[in-house]
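Next, two complexes with chain A in common: one pairs it with chain B, the other with chain C.
So, the complex of A and B:
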């Protein structure tokens, strides 16, 4: 077999595999634009005969999605801000030195990374309610998410700082920069891309966060979109086209960001997580 | 004061300041709750004593009560099944895909990266989609299985106690496969190609090369991925909330969902804390294994 036809065959198989894997996503979008009766047809239709485009607007209106998405955005932005401001410096120091204290710090951070949110939410909830933080539920959720995701961010950004040559920073110090000046003028600009990609990953995680929001935010006006989706899905629901429309509106921005930045995200993730 | 300031701008103080603030934040918001959790598991906590730190101390009563409950052991068994089946499924599918995409052809890395969408999607959205796919009468999975002749009648994935746990496992395998695949691809690409050329000259076939080169060279990546898989499956909560809510009658309940359910549905915070302590201790052991297996890489 010649090389070209081998490549084509492999590519075809790869596309089929990807198609099978991504079928759930396709099914979400297709169900969205099906009419109520077509949705429950047997055998199911794999291409809608009568696409219902107005469903997006209807669901947006009737479920008050603007408010939910706004809350999700507020929570995710808040968490990303806290994590970036605190995490970048931490990652920088952990990348720059290699001694016993750095090892201990790294070990602590890796251990804190593995704590499951659904198990930590009990003490966090009780503690927050005792110090009155639950009166500001979105702030409480932001702090809880920040504590949960910061270790992951530090591990990713640390890998970025490791790839910045230390000689550049030393040269800046010789030229009369202070440590602060060298950090902000030399090291940060060089690590900018890695920090940005890690922040986007954290943003995506926080945008879809569920456990903390569900447990700590009682007021409907302050709940994010994940909690809204959960309350939309009752036990015996049959509005699947509406639910899928909700899910599609919620997830499409994330998918768009991901497809645009795919290469960077994948390489950032692989360099930090395992290497 | 001046020395302190100049140290903050230009010396050791700068590093210590940068690292101590986030560590203090983490210890306050993760470390303290961890300790508080242990304290609560030895206390009697109800709605009235929720507001005060000094609650009646009850010793090991919460632990004894917990293991006296009839549902405890089935739920622990469910957790074991969930973890084992999820890790096995994610790893096998992920490894197969990683091996396939390892053969270089144009577009391979782009298509491979596309698989990661499952990983960046909100867990609740994934749960909602699978809830609909797995639905009993109108679910598309039942349709496909019927058409291919694998089953005769519809499987009621979410409401049949024999299948509800597997419904969540299927969704979780889908969710985690891509992550396994990407990390295994990283491991595969680190194997030197000349090993394969040498063994090909020696006349080894594809299977022999896989068993004698690929698997042994991947040992540390596989160990790390197994440990990570354990950590991630024990964190999985959203799929349970979105697909089965632990039902019917705890048939698909696992400890991480049960702990939340006890605290926030039944308001039994002491029991929730108790089961959390047990599971967190377990996760900690797993993560020590993980950290040890990646220590060389982490130190860089």
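So, the complex of A and C:
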């Protein structure tokens, strides 16, 4: 087989795989704008004959989505802030000091990462309720998410810091700066991309978080969009187009961020590995 | 002359590893001092201790008369040029140059003026707006130098600044650094593993091995009177020949052991029977007609660069000989050898120290 035909074959395989992965997304958008009867038609149509664009506005209004999205945003931003502020310092220390305790610390951090949220939620719930944190349910969720996602962030950002040569910092020290000054002047600007990318990944995770929010936030007006979507789907639901519209409104901003920043995200994740 | 940098009894440990051992060093104001030695001998450790990037474990370190043992780098007022140059990648050349001034709070207009002045000296004027990644290796080196010069520090510290450049540029920069040093009247400490660099650039050469200063002095002192075999072998290129010998019974001769025994009269006394190592620089051996000279040996190899000729003699151990011009002897010929009078270095074979006298 020649090179050209092999490349074509691989390309075809890649397209088919991408198609399989992206099909649910396509189906979500397409179902959203189908009319009630077209939705249940057999055979299903792959392009709606009569697109129902007004459904987005209707669902936004009727499900009070503004409030849900706002709550999701608040939780995601809160979690990103907590994680970034605490995680950057932690990652820097883990990047600059090599000894047995740092290795043990890293191991523990990675171990935290493998514990699933559904397992952690019960002890966290009990603990938070005892110290009264559940009276501030969104803060409680922010803290829980921060605990859950911090390891991921620390490991990524540590790699970024390690790619900044220590000699640059030393040059800044000799040039008259303090350690703190050298960190903010030299190290942080050079690690900015990696930190930004990691923060965006954390944001996306937190924006879609469900387990902690569902179990800790009882008040409807404080629930994020993920919980709102879940309560939309009762046992006898048949308004799939509305649910899909909800989902579409919910995920499109995240998808947009990802598509817009994908170059930076990919290069940010590999910048430590290359060069 | 006053000492700008003074180290007394300085030791440095990395955990259990003893990296610097009882360092005694006094660096004159305005001098160019080279720290030279094989890789891993502690040159960088010593330099970094001067800069404050490492803390010494014991002893005293004074810069311009003040004890600096526990003073952080930013308060030592020394400038360092790193082997990797350590230019700030997110700053332009001008920002790199003026970074230290910015930290000191110097006004913007003044910083610009200082950058222009230094750039004119080092030939960077047209590059001030560029980023380090847009520069060649030689240009980066110049930026690193300029970044140090702009500060007028108490001392310049160089850590193998030329080792990332190609050979031709290295020779050129050698002269340029030395010229800059003279022009600024600066005090410089220059780390290198290249003895030629140390010999050609420095007024004072410090030779280190395994954390110990083996000898220090002017380049020619080290060349003429190496204190031990290590220094003798380290200084000079091609390296000194070492020949096993024992003191003759009359106390005024040695018996060389080059496969066959050869007695050579000395202008000095030795202990009869003492095991010796005779150091002879290749440039201090002269070719004589076959059958003449102190000894005669077959030629193993002739290498010529046109101007200089390198001969290897088939003795055990091998002897190398260097002279200017062309060789009449060819590989396989026998040749007579003469030693330049007074050029023999006598070392105790056991302690490897130079014999007194």
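Going forward, the second predicted complex is superposed on the first by the 251 of 275 C-alpha atoms of A that agree within 3 Å, B and C clash if a C-alpha of one lies under 4 Å from a C-alpha of the other, contacts with A are read in each partner's own complex, and residues count from 1 in each chain.
In the analysis below, a residue touches a chain if its C-beta (ideal position, glycine included) is under 8 Å from a C-beta of that chain, and two chains touch if they have at least 3 such contacts.
Everything numeric in this text was worked out from a predicted model, so none of it was measured.
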Discussion item. For the overlaid complexes, name the partner, chain B or chain C, with more touching residues on chain A.
Written reply: B
Worksheet item: Where does A:175 make contact in the superposed view: on chain B (first), on chain C (second), on both, or on neither?
Response: second
Discussion item. Just checking: does A:96 make contact with chain B only, chain C only, both, or neither of them? Give me first, second, both or neither.
Written reply: first
Worksheet item: Does chain B (first) or chain C (second) touch A:190, or do both, or does neither?
Response: second
Fill in: Touching partner for A:165 - first (chain B), second (chain C), both, neither
second
Item to complete: Considering only touches as defined above, state whether A:144 meets chain B (first), chain C (second), both or neither.
Response: first
Worksheet item: Is A:32 touching the first partner chain B, the second partner chain C, both, or neither of them?
Response: neither
Discussion item. Quick check for you: in the superposed arrangement, does A:107 touch first (chain B), second (chain C), both or neither?
Written reply: first
Discussion item. With both complexes superposed on chain A, which partner does A:223 reach: first (chain B), second (chain C), both or neither?
Written reply: neither
Worksheet item: Residue overlap on chain A between the chain B contact set and the chain C contact set?
Response: 178
Worksheet item: Mind pulling up the chain B residues that touch chain A in the complex?
Response: 9-11, 14-15, 17-19, 21-23, 25-26, 29-34, 36-37, 40, 45, 50-53, 97, 100-101, 103, 105-118, 120-126, 128-133, 135, 137-138, 140, 143, 147, 174, 177-178, 182-183, 185-187, 221, 224, 231, 234-235, 237-238, 241-242, 245, 256-257, 259-260, 263-264, 269, 272-273, 275-276, 279-280, 283-284, 286-288, 290-291, 294, 297-300
Worksheet item: Which residues, counting only chain A, touch chain B once they are in their complex?
Response: 6-7, 10-11, 13-15, 17-18, 21-22, 24-25, 27-28, 31, 39-40, 42-44, 86-87, 89-90, 92-94, 96-98, 103, 105-127, 129-130, 143-144, 146-148, 150-151, 154-155, 159, 162, 178-180, 183, 201, 204, 207-211, 214-215, 226, 229-230, 233, 235, 240, 243-244, 247, 250-251, 254-255, 258-259, 262-263, 265-266, 269-270, 273-275
Discussion item. Touching residues of chain A toward chain C in the complex: what are they?
Written reply: 165, 167-168, 170-178, 181, 186, 189-190
Discussion item. With touch defined as at the start, can you tell me which chain C residues reach chain A in the complex?
Written reply: 51-53, 72-74, 76, 78-80, 82, 84, 86, 88-90, 99-100, 103-104, 147, 151
